[in-house]
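Here it is, the structure in full.
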């Protein structure tokens, strides 16, 4: 529970303001001799990169990752891996509008309340840009899991709701997720979302989204009994992503309306291994993985930076109004999908290493 | 993210199995010279104590707290406070049914998968009984907040949904919460819930619940920017409670269907202080408190121990069935309310001390 | 670096004041299925127990260990092990002398300076009695190492200096250590020490001591590169023992006067394995174990509780004098030997688990 | 006790190999609004910079610090401060000699044993070059202490022994420390040391050193009772510096030969404040500061990189010999003085913030 670090054995520490010279992170605890290149990480960064279509911020960032330490001759050394991404498109634009006024829904007010100082340029530390560091750390976590687990580990996310529009579960096709700007697994819904988000932006508004993230191939036994339960760590990881306001595991809030006999996943044998007839538990019982898919759903609020004029105050407590111009995602949750994947990979990697230490 | 500890500066470590000689916890980081008696803690334990009405387990535990260290002449010493609760009603009953079979929805299977050994008596470490330790730690956290903050701090929880039955927000009356066995703030719904839960139990089933927990009087500025955001720590704390499958902050999942102009809480001045016109943020922006009420909602799954026969396997991978007899809460979420309060108090106390260290 | 916890993966949290109802600790991270009984721990506690001869405090404590959790049917569960030792001989004697006056060399003054409150009975939290908890934790750490390492692990300590009297290295005989009240490995020096300590006590004085602790059978590769070096953690562990004022690894301070060609341990092969011709490094290079014996020496100051009258002040800043009557060790370092062993076992066990997690 | 991080509330994480593109660290927990520039840090780095005289390695590193985050308009933001130093003189020289052979006294063998891989260029992660990051973090820690404590805080170190040559305590003059290449506070000994080290180098040997570090102006009350005692954290911090083999607090090992009445510092009042007549405790009792000077002494072993041929093995376990050519400090302890100062500042700053959180 450190302020800018996450994890116990697989641990990253992030740093950087949105419009400073760079952002980055240090990843410690990575096993040695793992093949790792900048390209391995870049692949995942490119998925969350801004400016790729009209439904994402038009900020033109290359998000080019540099490995500054911890890798030698293409393999990890077991020492900290320092990752750096330069802020190339941090325009020295006019910040007078947000310098003194607090944008509703943003951290401007709370940063000033906490620190008495704030880097107002592009949201400073509270910018979603910081999540690039987490995606980079997640790319390494995936490689650790892949190299150490016997099973094939697949960690992937999809957007399952945008504003009021939910995808159809029966249409679910993972192949579609990277074929549309909304990361939805349902190609039928794509045109609806295009219209919806175009209209949303046109009226100066924004939209929320729900992301579902699933990890397959995770063995039973990862987790802890009380304070660092696998689901508690997932909840912490997801709620720590910018704009997230809710996290569910498995059936989540829907289980409240089920009876115990429906919600409790019954067990049979299949192919010589325990098999759960349903997965309302989302792959976690008592804070420990069951061997079924790990399933979480994450609610992202609508982007707070909108053209709609909003009542607010300034840092001298004078009442005023604000309109947030600039290059913003109309639905920040869309680019949340790769971040959710990364965070799930990090939590699972950390718990795998912890499990290895104590129980193998 | 330690397995059995929680918190950074205000930190507890819990221990104990449900049917061992005792359970307890060690609370470290408590400020010195704080008046503290066993009665201060007992008050909160009595609220979650079993056996108080027909909708809670009939296990007859006194849950009598003992302070073994860290308090001298009625005041805290600044040294660790060791708390102990004896297991007086740990009957040496017949455990043959659950000794080898895995109860669906329980941690039996996952504990065996992780540790290769399991104290099957009463759920062992995974029993909800362990949360008594957290309630005790929470009682101390409240005292710290009350003694150190200028404002009046009120942290309280209510059950807002049982199975399909949601309370009416317009009937909300905090006075009612402790006047009914369901911890609901709406007296109109009490008879409905009585009928519903009686019927639920009669058919050998169980029910889920949603708890809402609210902290008032928390100053703006508590939290952290990235990894230990106030909401992330709340999510971790709540998801770590037995049977929890979902956590929301403020508007939670409902914000997905709002536009940014509706969801973002606008700001005015009131009585010389910043005042938010709504509180969809649940009192947290960018991981830091706004000074508004901190609001979280927590989904508890239906009790997994039910009379309904369920398909399962045993620890030799043979398929079988199980019926869980015994003294169980038909709706474990009801007794979750005091635990949610305690965990929120702990998270807020920890963040207050951290804020004091860095920013005052 | 928590105030009352030590370790990362093998982690204990201690609690308790010398004259409160009990002292104890919680040990978390212990691997499951390890055979463990109270007798396994009691064996080590008995070695540091007071009242065993005239050179140790005459306090009559049984130091009877109770395991309250984490063990079931004689094997560890992987859950926290709660250990408790009752304070049976905490006499309600007259504390008026030390209640308000600060004993020179003791923590009385500093506890009051830090906390503004103090349990003055028997030194409260700062009593050496607290180290019983660490010895208990150390007993578990040894069992973990023994069960997980292929090699035979031997961790043992001896007193190598008492006041000005140093043992002869050529007489070193481990068999002797438990055959004399001074834990010295040199039977020739026993009568000298008896005379010396009798005379020391007769004149109301006390003596310091140096303990040497050695671990054999530790594989190469345990440790870390920068902040949690094996030697840094050993230094922290040893300096954290009451009355310790110095720690050396291998040649320690003596290496300052050596040339690099003498101090650097040259390497050959022996029995098919790397073999160092000397061990000035004390088994650690760059913070990581070499596979040679781990060797540390620890300086204990003379007992501060003495009959000699000393100038001091009281808690109202008035100048006064104090004579510390009571049951005290004339040379507190003697009973330090089992504590040093325990702490070394704990550090090594923690690093073994960390190594297993990252590098195997 | 994280592998590459140090501290609890004031916390740094270092990264980097000696001949990679850069080294650096992330400092988290720094209070906001503190004036901080690169020059503030550079000042301290320049003191440990190589190549400044013939008694230090001739590697020509500018050690130019860059602040990448956490500072805005010349003041700290309260967010992580990322510091970076490029490796400008990392020559692509011929490493064939040390690529496969283990240099005695170096971490080559242990890194290979632990990680199975090693960046052999210039010692990689185990190079003393890494300590530049700690000196940078220490510069920030000093600023925090200076800005938050009422007293004038002075933290400074001097070399008090080189090989067999000890400085005269009666000649002690802090002014001299920065006026000679040995950081000694005794100008009389300078010519002796020049001759001694010239002769040492001429014969292909090297020398050890003892550094004494003293902090004045530290209030009573900083520290903790058991596991993170002020002296334990100092021991950990100092033993974690490259080449350190011993740490003493106050009288250290010398106290073993004192009687309790001599060693225990008696207390009187002076200028209305408690005053200790001696300071054998080195300013720490029971793990908590007394308000007197904090005093520690640190033993550095002789440089292991020497021209003298040494027996060793290679990474295929073949016996061989090695001569370490290159640019090395003949006495690595000399440049240890600024590192000891930095580490003491970091420990004190961390404990100050912890004290503020719990006890104010």
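Annotations for the structure displayed:
By written order: A, B, C and D. Residues from 1 in each chain.
The criterion applied here is as follows: a residue touches a chain if its C-beta (ideal position, glycine included) is under 8 Å from a C-beta of that chain, and two chains touch if they have at least 3 such contacts.
The shown structure was predicted, so the numbers you read here are calculated from the model rather than taken from an experiment.
Pairs B-C and C-D differ in how many C-beta pairs touch across them, and the larger number is found at C-D.
Farthest from chain A in terms of Cα centroid separation is C.
For the pair chain B and chain C, the distance between mean C-alpha positions equals 39 Å. Centre to centre, using the average C-alpha position, chain B and chain D are separated by 46 Å.
Averaged C-alpha coordinates put the centre of chain C at 26 Å from the centre of chain D.
The set of chain D residues that touch two or more partner chains comprises 2-5, 14, 29, 32, 78-79, 114-116, 125, 225, 354, 359. Put simply, chain B touches chain A in their complex at residues 1-8, 14, 102-107, 109-111, 113-116, 125-126, 130, 161, 163-164, 200, 204-210, 219-229, 231-240, 242, 244-253, 255-261, 263-269, 272, 274, 277, 280-282, 284-291, 299-306, 308, 310-313, 317, 319, 333, 350, 354-355, 359.
Residue ranges on chain D touching chain B, taken from their complex, read 9, 29-32, 78-79, 225, 353-354, 356-360.
Those residues of chain B that touch chain C in the shared complex are 2-5, 11, 13-17, 20-24, 26, 28-29, 32-33, 66, 68-70, 72, 75-82, 84, 114-119, 124-125.
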